[in-house]
Amino acid sequence: MFSSVIEPRFYETDTFGHINNTVITAWFETARTPIFKIFSPELDTNKLPLLLAHIEVDFAAQIYFGHNVTIKTCIEKIGNSSFYVLQQAWQKEQCVAKGRAVQVHFDFKTQKPSPLPEHYRSALSEHIGFDN
Amino acid sequence: MFSSVIEPRFYETDTFGHINNTVITAWFETARTPIFKIFSPELDTNKLPLLLAHIEVDFAAQIYFGHNVTIKTCIEKIGNSSFYVLQQAWQKEQCVAKGRAVQVHFDFKTQKPSPLPEHYRSALSEHIGFDN
Amino acid sequence: MFSSVIEPRFYETDTFGHINNTVITAWFETARTPIFKIFSPELDTNKLPLLLAHIEVDFAAQIYFGHNVTIKTCIEKIGNSSFYVLQQAWQKEQCVAKGRAVQVHFDFKTQKPSPLPEHYRSALSEHIGFDN
Amino acid sequence: MFSSVIEPRFYETDTFGHINNTVITAWFETARTPIFKIFSPELDTNKLPLLLAHIEVDFAAQIYFGHNVTIKTCIEKIGNSSFYVLQQAWQKEQCVAKGRAVQVHFDFKTQKPSPLPEHYRSALSEHIGFDN
(Lines give C-alpha, C1' and ligand atoms only; values in the text may rest on other atoms or scores of the structure.)
Protein backbone atom coordinates (compact mmCIF):
# COMPACT_ATOMS: atom_id res chain seq x y z
CA MET A 1 0.00 0.00 0.00
CA PHE A 2 1.15 3.51 -0.79
CA SER A 3 0.37 6.50 1.39
CA SER A 4 0.65 10.18 0.43
CA VAL A 5 -0.11 13.24 2.51
CA ILE A 6 -1.81 16.17 0.74
CA GLU A 7 -2.09 19.59 2.32
CA PRO A 8 -5.26 21.11 0.84
CA ARG A 9 -4.59 24.41 -0.92
CA PHE A 10 -6.77 27.47 -0.58
CA TYR A 11 -7.45 27.75 -4.31
CA GLU A 12 -8.79 24.18 -4.22
CA THR A 13 -11.79 25.28 -2.13
CA ASP A 14 -15.01 26.46 -3.76
CA THR A 15 -17.96 28.66 -2.81
CA PHE A 16 -19.38 25.91 -0.60
CA GLY A 17 -16.37 26.42 1.65
CA HIS A 18 -14.95 22.93 1.09
CA ILE A 19 -12.46 21.36 -1.29
CA ASN A 20 -14.11 21.21 -4.71
CA ASN A 21 -15.04 17.68 -5.82
CA THR A 22 -13.11 17.90 -9.07
CA VAL A 23 -9.89 18.34 -7.09
CA ILE A 24 -10.11 14.81 -5.67
CA THR A 25 -9.45 13.15 -9.03
CA ALA A 26 -6.37 15.36 -9.32
CA TRP A 27 -5.17 14.33 -5.84
CA PHE A 28 -5.79 10.67 -6.69
CA GLU A 29 -3.68 11.03 -9.86
CA THR A 30 -0.95 12.58 -7.70
CA ALA A 31 -1.15 9.68 -5.24
CA ARG A 32 -0.69 7.17 -8.09
CA THR A 33 2.81 8.57 -8.74
CA PRO A 34 4.53 5.68 -6.86
CA ILE A 35 2.77 3.31 -9.26
CA PHE A 36 3.99 5.30 -12.26
CA LYS A 37 7.50 4.96 -10.81
CA ILE A 38 7.21 1.17 -11.09
CA PHE A 39 7.02 1.68 -14.85
CA SER A 40 9.47 4.58 -15.08
CA PRO A 41 11.56 5.19 -11.93
CA GLU A 42 12.69 8.59 -13.23
CA LEU A 43 9.08 9.47 -14.21
CA ASP A 44 10.08 9.96 -17.82
CA THR A 45 6.74 10.32 -19.57
CA ASN A 46 8.29 9.22 -22.86
CA LYS A 47 8.89 5.83 -21.26
CA LEU A 48 5.64 5.52 -19.33
CA PRO A 49 3.62 2.81 -21.14
CA LEU A 50 0.37 3.58 -19.35
CA LEU A 51 -3.03 4.94 -20.27
CA LEU A 52 -5.87 5.83 -17.94
CA ALA A 53 -9.04 4.08 -19.12
CA HIS A 54 -11.48 4.68 -16.29
CA ILE A 55 -11.89 6.45 -12.97
CA GLU A 56 -14.67 6.49 -10.43
CA VAL A 57 -15.01 8.31 -7.13
CA ASP A 58 -17.49 7.99 -4.27
CA PHE A 59 -17.69 11.15 -2.18
CA ALA A 60 -18.45 10.26 1.43
CA ALA A 61 -17.95 13.52 3.33
CA GLN A 62 -16.91 17.14 2.91
CA ILE A 63 -13.17 17.77 2.70
CA TYR A 64 -11.94 20.81 4.57
CA PHE A 65 -9.18 23.32 4.01
CA GLY A 66 -6.75 23.53 6.93
CA HIS A 67 -6.39 19.81 7.67
CA ASN A 68 -4.10 17.33 5.94
CA VAL A 69 -5.54 14.55 3.83
CA THR A 70 -3.93 11.12 3.59
CA ILE A 71 -4.41 9.23 0.35
CA LYS A 72 -4.02 5.45 0.58
CA THR A 73 -3.43 3.65 -2.70
CA CYS A 74 -3.28 -0.06 -3.45
CA ILE A 75 -3.66 -2.46 -6.35
CA GLU A 76 -7.07 -4.14 -6.48
CA LYS A 77 -6.41 -6.68 -9.24
CA ILE A 78 -4.15 -7.31 -12.20
CA GLY A 79 -5.55 -8.34 -15.58
CA ASN A 80 -3.84 -9.33 -18.79
CA SER A 81 -2.92 -5.84 -19.97
CA SER A 82 -4.56 -3.64 -17.34
CA PHE A 83 -4.72 -3.26 -13.58
CA TYR A 84 -7.15 -1.72 -11.10
CA VAL A 85 -6.07 0.80 -8.47
CA LEU A 86 -8.10 1.47 -5.32
CA GLN A 87 -7.71 4.72 -3.43
CA GLN A 88 -9.07 6.21 -0.24
CA ALA A 89 -8.83 9.78 1.02
CA TRP A 90 -8.80 10.20 4.78
CA GLN A 91 -9.18 13.44 6.75
CA LYS A 92 -9.48 13.69 10.53
CA GLU A 93 -9.76 9.88 10.83
CA GLN A 94 -12.69 9.72 8.46
CA CYS A 95 -12.71 8.21 4.99
CA VAL A 96 -13.97 11.14 2.91
CA ALA A 97 -13.65 9.68 -0.60
CA LYS A 98 -12.99 6.35 -2.31
CA GLY A 99 -11.77 5.89 -5.85
CA ARG A 100 -10.89 3.32 -8.46
CA ALA A 101 -8.69 3.83 -11.52
CA VAL A 102 -8.15 1.42 -14.39
CA GLN A 103 -4.72 1.77 -15.95
CA VAL A 104 -3.90 0.07 -19.25
CA HIS A 105 -0.43 -1.09 -20.24
CA PHE A 106 -0.23 0.46 -23.68
CA ASP A 107 2.10 0.24 -26.64
CA PHE A 108 2.16 3.75 -28.05
CA LYS A 109 3.88 2.56 -31.25
CA THR A 110 1.15 0.12 -32.22
CA GLN A 111 -1.48 2.16 -30.37
CA LYS A 112 -2.78 -0.99 -28.71
CA PRO A 113 -3.01 -2.43 -25.20
CA SER A 114 -0.06 -4.69 -24.52
CA PRO A 115 0.20 -7.64 -22.06
CA LEU A 116 1.82 -6.69 -18.76
CA PRO A 117 5.35 -8.15 -18.60
CA GLU A 118 6.05 -10.42 -15.67
CA HIS A 119 8.37 -8.02 -13.82
CA TYR A 120 5.63 -5.35 -13.76
CA ARG A 121 3.00 -7.91 -12.63
CA SER A 122 5.32 -8.99 -9.87
CA ALA A 123 6.06 -5.42 -8.73
CA LEU A 124 2.37 -4.48 -8.78
CA SER A 125 1.32 -7.61 -6.91
CA GLU A 126 3.37 -6.52 -3.90
CA HIS A 127 0.85 -3.74 -3.34
CA ILE A 128 -2.43 -5.65 -3.53
CA GLY A 129 -4.99 -4.63 -0.92
CA PHE A 130 -4.97 -2.04 1.84
CA ASP A 131 -2.97 -2.66 5.01
CA ASN A 132 -5.06 -3.08 8.14
CA MET B 1 -30.25 17.35 -23.50
CA PHE B 2 -27.80 20.11 -22.71
CA SER B 3 -24.83 20.96 -24.87
CA SER B 4 -21.80 23.07 -23.89
CA VAL B 5 -18.77 23.99 -25.95
CA ILE B 6 -15.40 24.01 -24.19
CA GLU B 7 -12.29 25.52 -25.75
CA PRO B 8 -9.38 23.55 -24.26
CA ARG B 9 -6.89 25.80 -22.48
CA PHE B 10 -3.15 25.48 -22.81
CA TYR B 11 -2.57 25.01 -19.08
CA GLU B 12 -4.96 22.04 -19.20
CA THR B 13 -2.48 20.03 -21.28
CA ASP B 14 0.17 17.85 -19.66
CA THR B 15 3.57 16.44 -20.62
CA PHE B 16 1.91 13.82 -22.83
CA GLY B 17 0.83 16.70 -25.06
CA HIS B 18 -2.90 16.14 -24.53
CA ILE B 19 -5.51 17.47 -22.15
CA ASN B 20 -4.81 15.96 -18.73
CA ASN B 21 -7.36 13.34 -17.64
CA THR B 22 -8.19 15.10 -14.39
CA VAL B 23 -9.44 18.11 -16.36
CA ILE B 24 -12.36 16.14 -17.79
CA THR B 25 -14.13 15.84 -14.44
CA ALA B 26 -13.79 19.61 -14.13
CA TRP B 27 -15.29 20.13 -17.60
CA PHE B 28 -18.12 17.74 -16.78
CA GLU B 29 -18.89 19.72 -13.62
CA THR B 30 -18.93 22.87 -15.75
CA ALA B 31 -21.32 21.24 -18.22
CA ARG B 32 -23.73 20.35 -15.39
CA THR B 33 -24.29 24.06 -14.73
CA PRO B 34 -27.65 24.09 -16.61
CA ILE B 35 -28.81 21.36 -14.23
CA PHE B 36 -27.72 23.39 -11.22
CA LYS B 37 -29.79 26.26 -12.66
CA ILE B 38 -32.92 24.09 -12.42
CA PHE B 39 -32.39 24.17 -8.64
CA SER B 40 -31.14 27.75 -8.41
CA PRO B 41 -31.66 29.87 -11.55
CA GLU B 42 -29.30 32.55 -10.24
CA LEU B 43 -26.72 29.90 -9.24
CA ASP B 44 -26.82 30.99 -5.62
CA THR B 45 -24.82 28.29 -3.89
CA ASN B 46 -26.56 29.05 -0.60
CA LYS B 47 -29.77 27.86 -2.22
CA LEU B 48 -28.39 24.90 -4.15
CA PRO B 49 -29.70 21.77 -2.36
CA LEU B 50 -27.38 19.38 -4.16
CA LEU B 51 -24.49 17.13 -3.24
CA LEU B 52 -22.28 15.15 -5.56
CA ALA B 53 -22.17 11.52 -4.39
CA HIS B 54 -20.41 9.75 -7.23
CA ILE B 55 -18.66 10.31 -10.53
CA GLU B 56 -17.21 7.96 -13.10
CA VAL B 57 -15.47 8.61 -16.38
CA ASP B 58 -14.47 6.31 -19.25
CA PHE B 59 -11.65 7.77 -21.31
CA ALA B 60 -12.01 6.67 -24.94
CA ALA B 61 -9.46 8.77 -26.81
CA GLN B 62 -6.87 11.52 -26.38
CA ILE B 63 -8.23 15.05 -26.16
CA TYR B 64 -6.23 17.66 -28.02
CA PHE B 65 -5.50 21.32 -27.43
CA GLY B 66 -6.52 23.53 -30.35
CA HIS B 67 -9.90 21.94 -31.11
CA ASN B 68 -13.21 22.65 -29.38
CA VAL B 69 -14.88 19.99 -27.27
CA THR B 70 -18.65 19.62 -27.05
CA ILE B 71 -20.04 18.23 -23.82
CA LYS B 72 -23.48 16.65 -24.07
CA THR B 73 -25.34 16.22 -20.81
CA CYS B 74 -28.61 14.45 -20.08
CA ILE B 75 -30.50 12.90 -17.18
CA GLU B 76 -30.21 9.10 -17.06
CA LYS B 77 -32.74 8.37 -14.32
CA ILE B 78 -34.45 9.99 -11.36
CA GLY B 79 -34.62 8.25 -8.00
CA ASN B 80 -36.36 9.20 -4.79
CA SER B 81 -33.83 11.76 -3.59
CA SER B 82 -31.11 11.46 -6.22
CA PHE B 83 -30.67 11.54 -9.97
CA TYR B 84 -28.11 10.25 -12.45
CA VAL B 85 -26.48 12.48 -15.05
CA LEU B 86 -24.87 11.07 -18.20
CA GLN B 87 -22.25 13.07 -20.07
CA GLN B 88 -20.27 12.68 -23.27
CA ALA B 89 -17.32 14.71 -24.51
CA TRP B 90 -16.96 14.96 -28.28
CA GLN B 91 -13.98 16.29 -30.22
CA LYS B 92 -13.59 16.20 -33.99
CA GLU B 93 -16.73 14.02 -34.32
CA GLN B 94 -15.38 11.39 -31.95
CA CYS B 95 -16.69 10.60 -28.48
CA VAL B 96 -13.52 11.00 -26.40
CA ALA B 97 -14.96 10.49 -22.90
CA LYS B 98 -18.15 9.38 -21.20
CA GLY B 99 -19.18 10.17 -17.67
CA ARG B 100 -21.86 9.60 -15.07
CA ALA B 101 -22.55 11.74 -12.00
CA VAL B 102 -24.90 10.97 -9.14
CA GLN B 103 -26.34 14.10 -7.58
CA VAL B 104 -28.23 13.91 -4.29
CA HIS B 105 -30.99 16.31 -3.29
CA PHE B 106 -29.78 17.25 0.16
CA ASP B 107 -31.17 19.13 3.12
CA PHE B 108 -28.18 20.96 4.56
CA LYS B 109 -30.10 21.82 7.74
CA THR B 110 -30.80 18.22 8.71
CA GLN B 111 -27.70 17.02 6.85
CA LYS B 112 -29.75 14.30 5.18
CA PRO B 113 -30.86 13.38 1.66
CA SER B 114 -34.29 14.76 0.98
CA PRO B 115 -36.97 13.52 -1.50
CA LEU B 116 -36.96 15.40 -4.79
CA PRO B 117 -40.01 17.71 -4.93
CA GLU B 118 -42.32 17.17 -7.88
CA HIS B 119 -41.41 20.40 -9.71
CA TYR B 120 -37.75 19.38 -9.77
CA ARG B 121 -38.58 15.85 -10.92
CA SER B 122 -40.70 17.30 -13.67
CA ALA B 123 -37.99 19.75 -14.80
CA LEU B 124 -35.31 17.05 -14.75
CA SER B 125 -37.47 14.55 -16.63
CA GLU B 126 -37.58 16.91 -19.63
CA HIS B 127 -33.90 16.16 -20.17
CA ILE B 128 -33.87 12.35 -20.02
CA GLY B 129 -31.66 10.69 -22.61
CA PHE B 130 -29.45 12.03 -25.38
CA ASP B 131 -31.02 13.45 -28.52
CA ASN B 132 -30.29 11.47 -31.66
CA MET C 1 -6.76 44.03 -29.99
CA PHE C 2 -7.94 40.54 -29.19
CA SER C 3 -11.07 39.76 -27.22
CA SER C 4 -11.99 36.46 -25.57
CA VAL C 5 -15.07 35.57 -23.58
CA ILE C 6 -14.60 33.37 -20.53
CA GLU C 7 -17.50 31.73 -18.71
CA PRO C 8 -16.34 31.35 -15.11
CA ARG C 9 -16.47 27.76 -13.92
CA PHE C 10 -17.78 26.67 -10.57
CA TYR C 11 -14.55 24.95 -9.53
CA GLU C 12 -12.74 28.25 -10.13
CA THR C 13 -14.51 29.86 -7.15
CA ASP C 14 -13.07 29.70 -3.65
CA THR C 15 -14.39 29.90 -0.09
CA PHE C 16 -14.76 33.68 -0.40
CA GLY C 17 -17.50 32.99 -2.95
CA HIS C 18 -15.66 34.64 -5.85
CA ILE C 19 -13.32 33.47 -8.57
CA ASN C 20 -9.98 32.66 -6.94
CA ASN C 21 -7.22 35.15 -7.76
CA THR C 22 -4.84 32.51 -9.06
CA VAL C 23 -7.34 31.65 -11.81
CA ILE C 24 -6.89 35.05 -13.48
CA THR C 25 -3.33 34.31 -14.59
CA ALA C 26 -4.67 31.11 -16.15
CA TRP C 27 -7.42 33.03 -17.97
CA PHE C 28 -4.87 35.59 -19.16
CA GLU C 29 -2.69 32.80 -20.56
CA THR C 30 -5.76 31.44 -22.34
CA ALA C 31 -6.51 34.88 -23.80
CA ARG C 32 -2.97 35.12 -25.20
CA THR C 33 -3.69 32.13 -27.48
CA PRO C 34 -4.30 34.37 -30.55
CA ILE C 35 -0.80 35.78 -30.00
CA PHE C 36 0.67 32.27 -29.82
CA LYS C 37 -1.08 31.59 -33.15
CA ILE C 38 0.97 34.39 -34.76
CA PHE C 39 4.03 32.24 -34.02
CA SER C 40 2.43 28.85 -34.70
CA PRO C 41 -0.96 28.99 -36.46
CA GLU C 42 -1.62 25.33 -35.65
CA LEU C 43 -0.51 25.87 -32.01
CA ASP C 44 2.22 23.27 -32.34
CA THR C 45 4.17 23.71 -29.14
CA ASN C 46 7.26 22.18 -30.74
CA LYS C 47 7.32 25.17 -33.06
CA LEU C 48 6.38 27.88 -30.57
CA PRO C 49 9.58 29.91 -30.02
CA LEU C 50 8.25 31.74 -26.96
CA LEU C 51 9.06 31.87 -23.28
CA LEU C 52 7.14 33.68 -20.56
CA ALA C 53 9.55 35.85 -18.58
CA HIS C 54 7.25 37.93 -16.40
CA ILE C 55 3.64 38.44 -15.44
CA GLU C 56 1.91 40.96 -13.23
CA VAL C 57 -1.73 41.40 -12.30
CA ASP C 58 -3.62 44.19 -10.54
CA PHE C 59 -6.84 42.97 -9.00
CA ALA C 60 -9.44 45.75 -9.07
CA ALA C 61 -12.69 44.06 -8.04
CA GLN C 62 -14.18 40.70 -7.15
CA ILE C 63 -14.97 38.40 -10.05
CA TYR C 64 -18.23 36.52 -9.77
CA PHE C 65 -19.40 33.10 -10.89
CA GLY C 66 -22.49 33.26 -13.11
CA HIS C 67 -21.46 36.20 -15.32
CA ASN C 68 -19.23 36.10 -18.39
CA VAL C 69 -15.83 37.79 -18.34
CA THR C 70 -14.32 39.45 -21.40
CA ILE C 71 -10.55 39.47 -21.63
CA LYS C 72 -9.08 42.18 -23.85
CA THR C 73 -5.52 41.62 -24.98
CA CYS C 74 -3.17 43.92 -26.88
CA ILE C 75 0.53 44.42 -27.50
CA GLU C 76 2.04 47.17 -25.37
CA LYS C 77 5.48 47.40 -26.95
CA ILE C 78 7.92 45.36 -29.01
CA GLY C 79 11.58 45.10 -28.02
CA ASN C 80 14.52 43.46 -29.74
CA SER C 81 13.76 39.90 -28.71
CA SER C 82 10.76 40.33 -26.42
CA PHE C 83 7.35 41.97 -26.39
CA TYR C 84 4.93 43.18 -23.74
CA VAL C 85 1.29 42.11 -23.65
CA LEU C 86 -1.38 44.13 -21.82
CA GLN C 87 -4.59 42.47 -20.68
CA GLN C 88 -7.81 43.56 -19.05
CA ALA C 89 -10.59 41.44 -17.59
CA TRP C 90 -14.07 42.98 -17.72
CA GLN C 91 -17.20 41.74 -15.96
CA LYS C 92 -20.55 43.53 -15.88
CA GLU C 93 -18.98 46.63 -17.54
CA GLN C 94 -16.32 46.94 -14.88
CA CYS C 95 -12.60 46.36 -15.34
CA VAL C 96 -11.94 43.76 -12.64
CA ALA C 97 -8.26 42.97 -13.33
CA LYS C 98 -5.36 44.26 -15.40
CA GLY C 99 -2.30 42.30 -16.40
CA ARG C 100 0.99 42.51 -18.22
CA ALA C 101 3.01 39.60 -19.62
CA VAL C 102 6.52 39.73 -21.04
CA GLN C 103 7.07 37.09 -23.71
CA VAL C 104 10.58 36.36 -24.99
CA HIS C 105 11.34 35.11 -28.49
CA PHE C 106 13.59 32.20 -27.62
CA ASP C 107 15.82 29.82 -29.52
CA PHE C 108 15.41 26.51 -27.71
CA LYS C 109 18.43 25.03 -29.54
CA THR C 110 20.90 27.61 -28.30
CA GLN C 111 18.80 28.22 -25.16
CA LYS C 112 19.08 31.99 -25.71
CA PRO C 113 16.74 34.87 -26.52
CA SER C 114 16.66 35.50 -30.24
CA PRO C 115 15.85 38.74 -32.13
CA LEU C 116 12.25 38.92 -33.32
CA PRO C 117 12.15 38.41 -37.12
CA GLU C 118 10.53 41.22 -39.08
CA HIS C 119 7.38 39.26 -40.04
CA TYR C 120 6.60 38.61 -36.39
CA ARG C 121 7.26 42.27 -35.45
CA SER C 122 4.95 43.33 -38.22
CA ALA C 123 2.17 40.92 -37.19
CA LEU C 124 2.46 41.92 -33.53
CA SER C 125 2.48 45.64 -34.31
CA GLU C 126 -1.01 45.37 -35.80
CA HIS C 127 -2.31 44.75 -32.29
CA ILE C 128 -0.68 47.59 -30.39
CA GLY C 129 -2.96 49.29 -27.87
CA PHE C 130 -6.56 48.74 -26.84
CA ASP C 131 -9.39 49.81 -29.15
CA ASN C 132 -11.56 52.60 -27.80
CA MET D 1 11.04 33.79 6.67
CA PHE D 2 8.63 30.99 5.85
CA SER D 3 9.57 27.92 3.88
CA SER D 4 7.19 25.45 2.19
CA VAL D 5 8.01 22.36 0.20
CA ILE D 6 5.87 21.65 -2.85
CA GLU D 7 5.95 18.32 -4.68
CA PRO D 8 5.04 19.15 -8.29
CA ARG D 9 2.01 17.22 -9.49
CA PHE D 10 1.75 15.54 -12.86
CA TYR D 11 -1.37 17.46 -13.89
CA GLU D 12 0.54 20.70 -13.27
CA THR D 13 2.83 20.00 -16.24
CA ASP D 14 1.95 21.18 -19.75
CA THR D 15 2.83 20.16 -23.30
CA PHE D 16 6.25 21.77 -22.99
CA GLY D 17 7.05 19.05 -20.44
CA HIS D 18 7.53 21.47 -17.54
CA ILE D 19 5.33 22.87 -14.81
CA ASN D 20 2.94 25.33 -16.44
CA ASN D 21 3.67 28.98 -15.60
CA THR D 22 0.18 29.67 -14.29
CA VAL D 23 0.72 27.07 -11.56
CA ILE D 24 3.40 29.18 -9.89
CA THR D 25 0.95 31.87 -8.76
CA ALA D 26 -1.13 29.07 -7.22
CA TRP D 27 1.92 27.68 -5.38
CA PHE D 28 2.83 31.16 -4.18
CA GLU D 29 -0.70 31.62 -2.79
CA THR D 30 -0.30 28.27 -1.03
CA ALA D 31 3.03 29.36 0.44
CA ARG D 32 1.44 32.53 1.86
CA THR D 33 -0.77 30.37 4.11
CA PRO D 34 1.47 30.98 7.19
CA ILE D 35 0.88 34.71 6.66
CA PHE D 36 -2.87 34.17 6.47
CA LYS D 37 -2.57 32.30 9.79
CA ILE D 38 -1.22 35.49 11.42
CA PHE D 39 -4.63 37.02 10.68
CA SER D 40 -6.73 33.92 11.34
CA PRO D 41 -4.88 31.04 13.08
CA GLU D 42 -7.68 28.62 12.25
CA LEU D 43 -7.78 29.88 8.63
CA ASP D 44 -11.42 30.90 8.98
CA THR D 45 -12.04 32.81 5.75
CA ASN D 46 -14.93 34.67 7.37
CA LYS D 47 -12.39 36.25 9.69
CA LEU D 48 -9.59 36.82 7.22
CA PRO D 49 -9.46 40.60 6.67
CA LEU D 50 -7.20 40.42 3.63
CA LEU D 51 -7.48 41.21 -0.05
CA LEU D 52 -4.95 40.50 -2.77
CA ALA D 53 -4.29 43.70 -4.73
CA HIS D 54 -1.34 42.79 -6.90
CA ILE D 55 0.95 39.95 -7.88
CA GLU D 56 4.00 39.76 -10.08
CA VAL D 57 6.24 36.86 -11.00
CA ASP D 58 9.61 36.67 -12.76
CA PHE D 59 10.22 33.28 -14.33
CA ALA D 60 13.93 32.46 -14.26
CA ALA D 61 14.12 28.81 -15.29
CA GLN D 62 12.00 25.81 -16.21
CA ILE D 63 10.42 23.94 -13.32
CA TYR D 64 10.45 20.18 -13.62
CA PHE D 65 8.11 17.43 -12.51
CA GLY D 66 9.81 14.85 -10.28
CA HIS D 67 11.81 17.22 -8.08
CA ASN D 68 10.59 19.08 -5.01
CA VAL D 69 10.30 22.86 -5.03
CA THR D 70 10.96 24.98 -1.97
CA ILE D 71 9.06 28.24 -1.71
CA LYS D 72 10.64 30.88 0.52
CA THR D 73 8.33 33.64 1.67
CA CYS D 74 9.12 36.84 3.58
CA ILE D 75 7.67 40.27 4.21
CA GLU D 76 9.27 42.98 2.08
CA LYS D 77 7.69 46.05 3.68
CA ILE D 78 4.68 47.09 5.73
CA GLY D 79 2.60 50.11 4.76
CA ASN D 80 -0.32 51.78 6.46
CA SER D 81 -2.99 49.31 5.44
CA SER D 82 -1.07 46.99 3.15
CA PHE D 83 2.08 44.88 3.10
CA TYR D 84 4.35 43.44 0.45
CA VAL D 85 5.30 39.77 0.35
CA LEU D 86 8.39 38.52 -1.49
CA GLN D 87 8.61 34.91 -2.63
CA GLN D 88 11.20 32.70 -4.27
CA ALA D 89 10.79 29.22 -5.74
CA TRP D 90 13.88 27.01 -5.63
CA GLN D 91 14.40 23.70 -7.39
CA LYS D 92 17.66 21.73 -7.47
CA GLU D 93 19.52 24.63 -5.80
CA GLN D 94 18.44 27.11 -8.45
CA CYS D 95 16.05 30.02 -7.99
CA VAL D 96 13.48 29.26 -10.69
CA ALA D 97 10.93 32.03 -9.99
CA LYS D 98 10.56 35.17 -7.91
CA GLY D 99 7.31 36.80 -6.91
CA ARG D 100 5.80 39.74 -5.08
CA ALA D 101 2.27 39.98 -3.67
CA VAL D 102 0.58 43.06 -2.25
CA GLN D 103 -1.96 42.18 0.40
CA VAL D 104 -4.41 44.80 1.69
CA HIS D 105 -5.87 44.80 5.19
CA PHE D 106 -9.53 45.23 4.30
CA ASP D 107 -12.72 45.92 6.19
CA PHE D 108 -15.35 43.89 4.36
CA LYS D 109 -18.17 45.71 6.20
CA THR D 110 -17.22 49.18 4.99
CA GLN D 111 -15.58 47.70 1.85
CA LYS D 112 -12.51 49.85 2.43
CA PRO D 113 -8.84 49.32 3.24
CA SER D 114 -8.26 49.56 6.96
CA PRO D 115 -5.05 50.50 8.84
CA LEU D 116 -3.08 47.49 10.03
CA PRO D 117 -3.48 47.12 13.83
CA GLU D 118 -0.25 47.16 15.80
CA HIS D 119 -0.32 43.46 16.75
CA TYR D 120 -0.47 42.46 13.09
CA ARG D 121 2.33 44.90 12.16
CA SER D 122 4.43 43.45 14.92
CA ALA D 123 3.79 39.85 13.88
CA LEU D 124 4.50 40.61 10.22
CA SER D 125 7.69 42.53 11.02
CA GLU D 126 9.22 39.38 12.50
CA HIS D 127 9.37 37.96 8.99
CA ILE D 128 10.99 40.84 7.10
CA GLY D 129 13.62 39.76 4.58
CA PHE D 130 14.98 36.38 3.53
CA ASP D 131 17.35 34.50 5.83
CA ASN D 132 20.87 34.13 4.51
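We call the chains A, B, C and D, going by the order they appear; numbering starts again at 1 in every chain.
Here is the rule we use: contacts are C-beta pairs under 8 Å (C-beta built on N, C-alpha and C of every residue); 3 or more make two chains touch, one makes a residue touch a chain.
Since this is a predicted model, take the numbers as computed values, not measurements.
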Given the two chain pairs A-B and A-D, which is bridged by the higher number of C-beta pairs in contact? A-B
Taking each chain's centre as the mean position of its Cα atoms, how many Å separate chain A from chain C? 34
Between chain A and chain D, what is the gap in Å from one C-alpha centre to the other? 29
Distance from chain B to chain A - Cα centre to Cα centre, in angstrom: 22
Give me the residues of chain B that touch two or more other chains. 10-11, 15, 17, 20-22, 26, 29, 45, 65
Considering only which chains touch which, label the overall pattern as line, ring, star, complete or other. complete
Going by the contact rule set out above, which residues of chain B touch chain C in the complex? 7, 9-11, 17, 26, 29-30, 33, 36, 42-43, 45, 65-66
Touch list for chain C against partner chain A, complex: 10-11, 13-15, 17, 20-23, 65
If we count contacts the way the header does, which residues on chain D are in touch with chain C in the complex? 15-16, 20-22, 25-26, 29, 45, 51-59
